[in-house]
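Multiple structures follow.
Look at the two complexes coming up: chain A is in both, with chain B in one and chain C in the other.
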Partner chain A sequence: MTVASLAWHEAFAIDELWEGDFLDLEIDGEPVLVVHLIGGAIKAYQGVCPHQEVMLADGDWDEDTGVLVCGGHRWEFDMSSGVGINPAGCALYEYPTKVDDGVVFVGVPEDGERHYNRCPGS
Partner chain B sequence: MPALRRSEWYDLARDLNWNLSYVTEDEAFPEVMSNNYGITPNEKWWAWDEPYKVSYREYVHNQYGKDASVYSVNSVIARSRMFEELDPGWKSAIVAHYGAIAVPEYLAGLGESRMGRFGRAAAWRNMALFGTLDETRHGQIQTYFPYTLLDKEPRMDWAHKALHTNEWGAIAARHLFDDMFTANDAVSTAIQLTFTFETGFTNLQFLGMAADAMEVGDLDFGALISSIQTDESRHAQQGEPTVRILVENGYADVAQRLVDHMFWRSWHVFALLTGLSMDYYTPLEHRSHSFKEFMQEWIVKQFLDQFRDFGLEPSWYWESHFLPELDWYHHALHLGVWFWRPTVWWNPDAGVSPAEREWLEEKYPGWNDTFGVYWDTIGDNIRRGEETKTLPETFPMVCNMCQIPVVTPAGFRAGKLESPEPHIHIHEGRQYVFCSEPCKWIFQLNPSRFAGHTSVVDRFLGGEIQPPTIPGALEWMGLSPEEMGQDATNYAWAYEGLEAPGAAAS
Partner chain C sequence: MSAHSVALSTGESFLVADGERILAAGRRAGVWLPFECGWGSCGTCKATLIDGEVETLFPGAPAIKPRDARRRRILVCQTTPRSDLVLDPGSVAEAAPEGLAVEDRVGTVVANDDLGPDVRRLEIELDRAVPYRAGQYAIVELGPRLRRCYSMASPFREGRRRIVFIYKRYGTRPGSTAMWRLAEGDSVRVEMPYGGMWVRDGRDAIVMVAGGTGIAPMLAMVAELAGRQDERAVEVIYGAGSADELVAANELKAAIESLREGRVRLVVESPDRGFADETGTVVDVLAPLASARYYVAGPPRMVEAVLGRLRDGGVGIDRIAFDSFG
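Now for the complex of A and B:
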């Protein structure tokens, strides 16, 4: 995936999302979860669980550990990387992000695909 | 806390597999308890691995937290007037839910226990132990919550009573769940209960209904069933590794047949339980999706994706029977359940006021012409004061597989079936009646498993129900006059939009 193939979508002003908090958004028709990690990093992932597509924003979020637990079936994800903790071997699709003049942008590949990983039984 | 990460010790502690020397494999794992479908030796099953891991310590910690949370909600709400203020149709939905689900959850603990002993890998038996504890919890909590509502709704005791009666819906539930897990071997249970039923369908009842419960303001029920669903992460995953082992050993056809069999049966019971609740009992202003939309999202799309992940295909009846039934089957059942309302333990909500009919027409184009016309006549009879014309004088035919009344005439009239007639099959001199081709096909897969059962109507016609009248049958079903269903809103729907009760009488 090259940067040139991304469409950058203005998401929100960075002041609107405090460190340790997250926002669920719909960007280019796709559910996206944007996390502002403690320490300042901004990450954007698919907004639905790769297990059975339950909204991740409805899960339990621990801003200190950076772990989000899906409210549907308790799948756990490290939101600093999107990698699944339990089950292991499953990761969230990550969208590129950038902050420009205090505004957060989320990059969506212009490939006509829906951007999310599925791992129901992996 | 342990000094090692879970992944560093989990497999070692879990995989207590060993080769048998004092007994044979068949003695340790008899086919009736654990059908290996020809996959031998047993070591081939040891590759079984569940994706979501949990230790016993973590399990207890998590479950303690869940129970503390949900029982706290129940305790607080018990002191409020929340239940009294709920919509009558919604109350019917949860009275129906508790009766149909609470005791089967406890029975599912038997199926889990069987997998806990006869699962063919240590990892599987370990996970089934958690499943047994989960299902015990679900049986207990869904008996306790309605118990706390007994002073407000006496029929909440059907949470415990229903499965101990011969009420027709209870017989349908028992027949299904006996087939699925109470009287099923461990391998088939993993595929039919945990993969087909729990992974596929319970999301619909437990996540879909939880969303509706929160909309309606029933925090008690919403918190309860969403908490229950979080347990599925562990025990529902027993099906996936079992399917994988069958497929990898060249038995995809076995897995496919087990799924096809139980998918159809599950669909029919969910159409009865969830279909009516979502499209007729839930208050209109709080319906997040139609039943068909929920089915399309949770079953047609997600479950189909999962079929394909494992190399399985949509069932042979998918396009020809299943998808068409999404448009009419539960509407026909609703009509029947409402008409035979004295035979159920909840108050069916007609749900056909003018605004509701508009919604039904929008969600199911053509509904007014196909099903609305029946309700036109029923409404006319109610407004004329001829309630008796809206009550049964006899019984419908009942399917010898799903044990649900045959509604093919409504499907035919809706233009979805080529014939209004049921499917007849003769087996060893006895005539069996089926509501659909797939129900007949399931019987033919294993006639000896089903042939001895008699439906409510078989028993009625066979003289087992005395006196052979509607009141005699209702008593046989365990329904006293106070327990029999009545219209949930006392026919308010028939007068909505009219100037005054009786205004439309001619």
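Now for the complex of A and C:
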């Protein structure tokens, strides 16, 4: 298996993305959600819900539990892992992140694919 | 009347008349912005305002969140331009999403009859038939900035222009009061169909949970299932405060009897339950079944309570379709 190399994209200055908050951006046409979890971890996920592609950044966010509820049809995700809580069995695509000199970077695999999971359900 | 231009980051542009909603103006111009509920509940239609001034026509819309202002996100279904605009809608389609080919129609009131205490059945003859799925709803224009959602209480049949709503009058609240005043021969503007609650294909048992006038979409769905001789087991749990508020219960029972495997459970809160089967609320009598598919409609508080009960009972949100109109 070949592992695609990563292209690191500058996302936000860490000062813009407070602990307990999230911001969204578009990288090469892909919506990306960057979360700064309570405790300090920084995670990046696909920016649209795997269900019907509603923007996750429009959803309801509980910074204490780290759970994001999509506004469209109330799908819930644990933003510390990207794993779907309700329904179970669906997870967000996760991008690698790094913080360098106060700047958050998101790593996008250079594989020519669009990076997101779909769980259309019904 | 003045108009403002809306230019989209995806390349399309269209004009919006003064006071007109951006989503509807786009649709009338053949530009289908993303949407689902049409009235500000789901947030599917949120777009980013890149440039220009707007006015929100329903500041209390459930989908409007504190974070929106900072991110310049607007609900295009409930927003009108105050200047020319540039918007990023995320995506645009040239045709309606499946099941959501919304049309603007004019209807004539045929009947507005009592069905129970403060509950009436409104029949409207549209100027042209609009296909919809049983379980969907219409947005009825009842005056300036006065629009309300009502589910169709009977299924669509080819060429049928008649639609039926069941609604409750809430004190002096303007929407239902305006509905109450409609008389035979009156004209009403109707946008339809909207909503994502319709019977999904499959083999799983179906459970419908309705509170009050939330029975309307269930009547339509049961009739549709009966009409196509669907073989799935269907249970309808229908609750209200008192027995006389269980409007259309006999109509529901008749429809259920024409199903292969159907059951109705009438639930009332008052101890004097009359012809009801059980006492309590629909939440009290609900025994969540993880393998069933759920359809829920009623007052927002009831719907929230049912969703909570189903969640605790291990029913995935992907197995539940619901409507709640405040």
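In this text, the second predicted complex is superposed on the first by the 117 of 122 C-alpha atoms of A that agree within 3 Å, B and C clash if a C-alpha of one lies under 4 Å from a C-alpha of the other, contacts with A are read in each partner's own complex, and residues count from 1 in each chain.
To be clear about the criterion, a residue touches a chain if its C-beta (ideal position, glycine included) is under 8 Å from a C-beta of that chain, and two chains touch if they have at least 3 such contacts.
Bear in mind that the values here come from a model prediction, so they are computed numbers and not experimental data.
Partners chain B and chain C, brought together by superposition on chain A, clash.
Judged by the touch definition given at the top, the superposed model places A:94 against neither chain B nor chain C. Look at A:60: by the touch rule set out above, it reaches chain C but stays clear of chain B. In the superposition on chain A, A:73 makes contact with both chain B and chain C.
Of the two partner chains placed by the overlay, only chain B lies in contact with A:118; chain C stays clear of it. In the superposition on chain A, contact is made by A:86 with both chain B and chain C. The residues of chain A shared by its contacts with chain B and with chain C are 51-54, 71-75, 86-88, 119, 121-122. On the side of chain A, the complex with chain B involves touching residues 51-54, 71-75, 86-90, 118-122.
For chain B in complex with chain A, the touching residues are 6-7, 51-54, 62, 199, 203, 207, 226, 229-230, 232-233, 236-237, 240-241, 243-244, 302, 305-306, 309-310.
On the side of chain A, the complex with chain C involves touching residues 24, 31, 51-55, 57-58, 60-61, 71-76, 86-88, 119, 121-122.
For chain C in complex with chain A, the residues that touch the partner chain are 36, 42-44, 46, 63, 65, 67-68, 71, 73, 90-91, 196, 200-202, 307, 311, 316-319.
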